[in-house]
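What follows is a pair of complexes built around subunit A, which joins subunit B in one and subunit C in the other.
For the complex of A and B:
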């Protein structure tokens, strides 16, 4: 480690340093690589495929993968790859929106409850516990069934509004333990405001933790969305990986040996969530200077 | 300068604060400029709570704490003249940032207009004041520095401000013997700058080494206080005697403390507060069976 002779603007330095270690971390690169590839497939694929709607009947039924139909066709002659590409897009949207909304709520409630403590904590904690014990899936079923036309955004919103409690509790607990550390007191003695203490002293200490929370919420949203799709309460328009799995099951793809119908969506869901986990381990090493050294 | 007047701290514990716990009970003492006062007491005697109340980190239940006549008001202005150094140097640094961030926070809050180069020179000179080599300690992460280096950096941090009062809360308990004496001598030097130091400790010998005056705290109340020499040579309260006899001596085996047979406090008919037994030597009721 070289000794710097000037005191640098340390905020920038931390960022630059994190980047330095990030691009040298195999786990992080592999994890983000996989997610990025699938994300690009979802984003760019529909543009390259032209405007062919994903549920169009384009070819003979039950064709195995070929040069023309990369992932084969369904019982009805729909192109599985087209469905997969559009489905990825929907799934990423549901995951990012649902996970994002849940993460924002969880962080706001977790940080405030954990840092403030006392009565504020009691009230917020009670709210969290109430939402936690609401049978989420049942409520989602009722709401989704009640609404005639359902969009992906609405689905994601409901998922986001109901899936944050465990994350809020986790962040609260972590904030609680960090708050009592002396460096928080020392920051207060340096005249730093509460908001900045949370954002710049406490949050950086749990950045990998927060990221993992987001990953779990992201993955959880994808899974809840897939579950809703699977039982027929998904978006009324379009296609998602969950809807593909539902159709495959409904039309006995497994019994008919149409593995190309259900393997791609299942593998994609697993790959996205798994890759994010691997990336998280890498990120932990990037953010925690102690883990960089062996 | 620092005046602690009849200060009480009651903690609410349990769900919705159902029960209470008195940590500090009607404590009064003062610290003058250029003076080290040691606050001695066992674990749970409320000495750290007192330190934190003076720093405004813990609210006061009743009583008043003033510095130069101004009440404790947590915020930038107050911390410009009152600072603290804590027990565990490893916990005082945010582990994800470099150690010199503590200086950067001071600059951002108090000296935003000072040019970087000039600030850098000030930091380096403060670091040299605590007898560290700036090149060795700047630009490093906390885990790459030793406890003694970290603790001294925290003192250097406090020196960057126009300090009047320093609360040193058990600052040597995590250090090894040789570093400890360095840090203590450093505190003694601060006196020369006209600083008042409140030295919170459970170690009597360190208090004796350093302090002009001593306050002995027990279960949240002051049992004895006064000029260090008087308190140590002629302890009046049974608790102080017991504490002093508990210090291991190099050339003498352990022996029982001379028991206190009469309660000076009641003998002289004192009521309320402490009895001034000698000029500058105060004692509380001995709480004997007939008190």
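For the complex of A and C:
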């Protein structure tokens, strides 16, 4: 099924309607706008800044922000803006990968449990509840502590492996409400395989919901990654916003009053995650007609 | 009701077994050899000394025994409260080190969580469907929930601590004092407690307010609210009913948020060098003290399970349907 041109007319109308409300929703526009700007800074910044690696000592120590060093320098004379730009990249990567992996697991478990029901559901539900109760960060702490060399990818992988349960639960509940609808029954009667029913009949009917779940997982992964970095279990090489915060507190930026070192990374994390949440509310309003009027 | 608790206890029991198993597995099945890496980090060069240390660590972990024996031994030690010996504060048992830190973490977390929960819910319920308030509470709430705990802690420490000089920014009490039950010490303790408490409280507040606001709006749109309104019931009454219904999912929400709140407390403690579990974890990581780290993990898991169970009991008290054996809680 390769196709965007042969959508049924009805579906096209729905899409156009969603787009109509999307471009008129301020929450959505502001939210995605902020995320997009920061993403561009993260993507293009390192290219424009030239080849200096982010941890290199480029100037005098503890310089306040100036035209040359936009965010000042650290106690060691590293340029905070360069670190910030590279850190944004890492943060987006951790969010996208961690959130993506979590979303895939959540969908697999949520769909199968919700559609199959019975014993399969019982077992998967138990698994979900168990992983749900275990404090995520505590598990990640010991896993990362035993890893000698840590990379952003590995960090994101483990975040993804531990943060799916609530999403799986939500998707299961949605699937549950869809599985006894007529069109699903019809597909089943005509002998379509379970896998195909889930992919073609159920998932498309909750695509907006799935997308919103992914956004929340994305934001959550960024926060968890930042906490891990801050505790000292971040990637062993490179920079991230969490690592910047960790370095700033470790090398007494607080006591020395180097606010330009610790304010930008935290502000960026808050901006990205907050913008994602706000965009999520906007999306909810776009897809859910009940919420539109206010 | 028996079924409800039976099911919950089964889940918690399973979770505990899984947590212990994970805790046991990680040092054994992670890529790399923990004993070798510990030896490498200790920077001992004499071959005889290295050999002695290898024998010591292998024996300590019990790596020379068959794997099922190791697993059983691990459980046995756990039930005897034996978490091993800390490397950071050498001959002290890990359990003692942790028990010394737990009161600080609980003293910080319990008031912060309960107060933020209570005030956040009230605030959210009050703001819902009140245009002006809603327009301020909602954005502020989103900014707060999106904020990393340690960042607000750092900002508060810098603003109110270092710059304004109103509060101390490190430690649980002044180094000049010895812990005792004197007024001077208690006041000092409270003084050090204020900033960490405040930052935990403020970040957690936003999430509860948003959650409650959304739930109240949902409840106010439901049939019973419309019916009450049609009967001419005062708005106050309708809102009270809405609140009572909306608080139920919020209780489940509290259980779901426990992990995040613990994580928040840990990083906040690290910012303020507050002598709780967070600082212990930092020390354990810095000193490669794996026994301490794993012991802390077990304590956190047990604490979260207990808290979950308490929340379940509260849920039964608040929601009569679970008592009557009708629709159960999620």
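Throughout what follows, the second predicted complex is superposed on the first by the 239 of 294 C-alpha atoms of A that agree within 3 Å, B and C clash if a C-alpha of one lies under 4 Å from a C-alpha of the other, contacts with A are read in each partner's own complex, and residues count from 1 in each chain.
Here is the rule we go by: a residue touches a chain if its C-beta (ideal position, glycine included) is under 8 Å from a C-beta of that chain, and two chains touch if they have at least 3 such contacts.
Keep in mind the model is a prediction, meaning the values are calculated, not measured.
Comparing subunit C and subunit B on the residues of subunit A they touch gives the larger count to C.
By the document's definition of touching, of the two partners only subunit C reaches A:273; subunit B does not.
Residue contacts after overlaying the shared chain place A:137 against subunit C, while subunit B stays out of touching range.
In the superposition on chain A, A:191 makes contact with subunit B only, while subunit C stays out of contact range.
In the superposition on chain A, A:245 contacts subunit C only, with no contact to subunit B. By the document's definition of touching, of the two partners only subunit C reaches A:146; subunit B does not. Of the two partner chains, neither subunit B nor subunit C is touched by A:108.
Shared-chain residue A:203: touches no atom of subunit B or subunit C.
Using the contact criterion defined above for the overlaid structures, shared-chain residue A:157 touches neither subunit B nor subunit C, since it reaches no partner. Shared contact residues of subunit A, touching subunit B in one structure and subunit C in the other: 290.
Listed in rising order, the residues of subunit A touching subunit B in the complex are 1-7, 10, 13-14, 119, 122, 181-183, 185-192, 201, 204-205, 207, 287-290.
The residues of subunit B lying in touch with subunit A in their complex are 15-16, 52, 55, 57, 74-76, 79-80, 83-84, 86-88, 91-98, 100-106, 108-110, 116-117, 119-120, 123, 135-136, 138-141, 143-144, 154.
Those residues of subunit A whose C-beta lies close enough to touch subunit C in the complex are 126, 129-130, 132-139, 141-143, 145-148, 166, 219, 223-224, 226-227, 230-233, 242, 245, 248-249, 254-255, 257, 259, 262-263, 265-267, 269-278, 281, 290. Listed in rising order, the residues of subunit C touching subunit A in the complex are 11-12, 14-15, 18-19, 22-23, 26-27, 30-32, 34, 37, 139, 142-143, 145-152, 154-155, 157-158, 161-163, 169, 221, 256, 258-260, 262-263, 266-267, 270-271, 278, 281-282, 284-286, 290, 293-294, 296-297, 300-301, 304-305, 308.
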